[in-house]
Amino acid sequence: MTELFEFGMKILKSQPFSVLIGTELEVFEPGMATLSIPIQDKLKQQHGFVHGGVVSYLADNALTYAGGSVLGDSVTSEYKINYLRPALGEKLIARASVVSSGKTQAVCQCKVFAVANGEERVVALAQGTIRKVNAQK
Amino acid sequence: MTELFEFGMKILKSQPFSVLIGTELEVFEPGMATLSIPIQDKLKQQHGFVHGGVVSYLADNALTYAGGSVLGDSVTSEYKINYLRPALGEKLIARASVVSSGKTQAVCQCKVFAVANGEERVVALAQGTIRKVNAQK
Amino acid sequence: MTELFEFGMKILKSQPFSVLIGTELEVFEPGMATLSIPIQDKLKQQHGFVHGGVVSYLADNALTYAGGSVLGDSVTSEYKINYLRPALGEKLIARASVVSSGKTQAVCQCKVFAVANGEERVVALAQGTIRKVNAQK
Amino acid sequence: MTELFEFGMKILKSQPFSVLIGTELEVFEPGMATLSIPIQDKLKQQHGFVHGGVVSYLADNALTYAGGSVLGDSVTSEYKINYLRPALGEKLIARASVVSSGKTQAVCQCKVFAVANGEERVVALAQGTIRKVNAQK
């Protein structure tokens, strides 16, 4: 386990909301991050799909992790998400990567997948700006 | 209590994730919706602020409600959010309204506020597209 | 004419692309800006409507002006636009305002209207981040 | 030259604004499109860079072409763009592709590059929704 991955795990465990959701860190390397969530009933909406808010939380967090992998402790400044299809199955996976970064900001993109019966399907596409904490706003 | 408001309450109670978060419907009228969340520790991130994922969940849901108030049962197609400042205090409030709507889509905007010591401060700004469920995609 | 308005006029005249489009500055006050374009055939697409690229150029520029009114010389960092209906008529008008600002960034929103037979109709809605030039990125 | 490419050329030539800008179609295949613009002084802003409005026009148009390659005659419904660095050089190139599509909508992404001294650098990242013309809105 790398130092970066340990740092990522520590952050995730110190976010009560991520603990509530059950988020797991799968990959955390310079320029990229993968987060996942085992799908539970408590994360669903009225039609039995994963609630959009969970999908966008995961995209947002994966974007922050990707940006944070090159910037250090960071927050999401803004992002945009397109929901592509209902999220169903056993697991959600968000893979994010850095497209461009400077000293205090990184622009990242992210795809979210739902795994059903072992098969991955893309369910959302996101893009956003990550800002280093304590950078002048 | 209007029929629309009752419909809105019923949807909210049938979303396990909204029940988990503790979301409340405050206003639900043609063209607008207000949702709120009492801030609890379980909704926070590592710095003690409300997790961005909660803020964007609330904005997303308020956008869907605003669109749904004119379209009927609806989902968010896409949205964009800018986080303006850390969310701290007793309560989050999201106020969304319809800017333009057709038969199957509405474009809505939303401001999210944090209430601390009785004072409201805007913490996020969002804009998105809501699509009627069962409309051809 | 205020000093701010004169500064705004000077910037606009020094942008060859804005001169090519025929953009005019109508209002430029702390926290808000209005830009307009007389609609000419050269600004249209294949269906006879104003090209989306012109509408989004105007929204982008109005966002930058609104942000610049509080930050000084600025550029658009990112923005999002929803096209609401085809733009037809004599004139396009973009009205932008600051929703939140810090020392180096402002988040602004903008509505674009088309004026046909003297009547205004909203044709696009935008939201974005403006960054002070020379701020560390 | 394929039938699709010929169709794409015809659309581009019938857009007066694209003719004014000098846009060229480079690639137009099912699921992807590449558009380019030779950089001329008239497309610049006050600092000598290509105006952001030109960059976002090109991203928007490339997104529409990518979506149109699978949907037929289409328009951009909404998009978001992050400017990554100033655009300088001889040529702008936008490469867009479809991430997900249905009968009436496609979600696409696009990178815009500036070519200076023969070297490409990414200058913008965009993501948006394309809608088939005549699809119920």
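Going in written order, the chains are labelled A, B, C and D, and every chain counts its residues from 1.
To be clear about the criterion, a residue touches a chain if its C-beta (ideal position, glycine included) is under 8 Å from a C-beta of that chain, and two chains touch if they have at least 3 such contacts.
For clarity, every value in this text was computed on a predicted model and none was experimentally measured.
Asker: Looking only at C-beta pairs in contact, point me to the busier pair out of B-C and C-D.
Answerer: Most C-beta pairs in contact, of the two: C-D.
Asker: Starting from the Cα centroid of chain C, hunt down the chain whose centroid lies farthest away.
Answerer: Centre of mass proxy via C-alpha means gives A as farthest from chain C.
Asker: Could you put a whole-Å number on the gap between the CA centroids of chain B and chain C?
Answerer: Taking the average C-alpha coordinate of chain B and of chain C, the gap between them is 28 Å.
Asker: Approximately how many whole Å separate the CA-defined centres of chain B and chain D?
Answerer: 33
Asker: Distance between chain C and chain D based on Cα centroids, please, to the nearest Å.
Answerer: Measuring from centre to centre gives 20 Å for this pair.
Asker: Would you mind listing the residues of chain D that make contact with two or more other chains?
Answerer: Chain D, residues with two or more chain partners: 77-78, 80, 82, 107, 129.
Asker: For a test of understanding, state which residues of chain B touch chain A in their complex under the given definition.
Answerer: Going by the criterion above, the answer is residues 11, 14-21, 41-47, 51-54, 56-58, 60-61, 64, 75-83, 133.
Asker: Give every residue of chain B touching chain C within the complex, in rising order.
Answerer: 80, 82, 84-85, 99-100, 107, 109, 111, 122, 125-127, 129
Asker: For the complex, which residues does chain D have touching chain B?
Answerer: By the definition above, chain D touches chain B via 77-78, 80, 102-105, 107, 129, 135-137.
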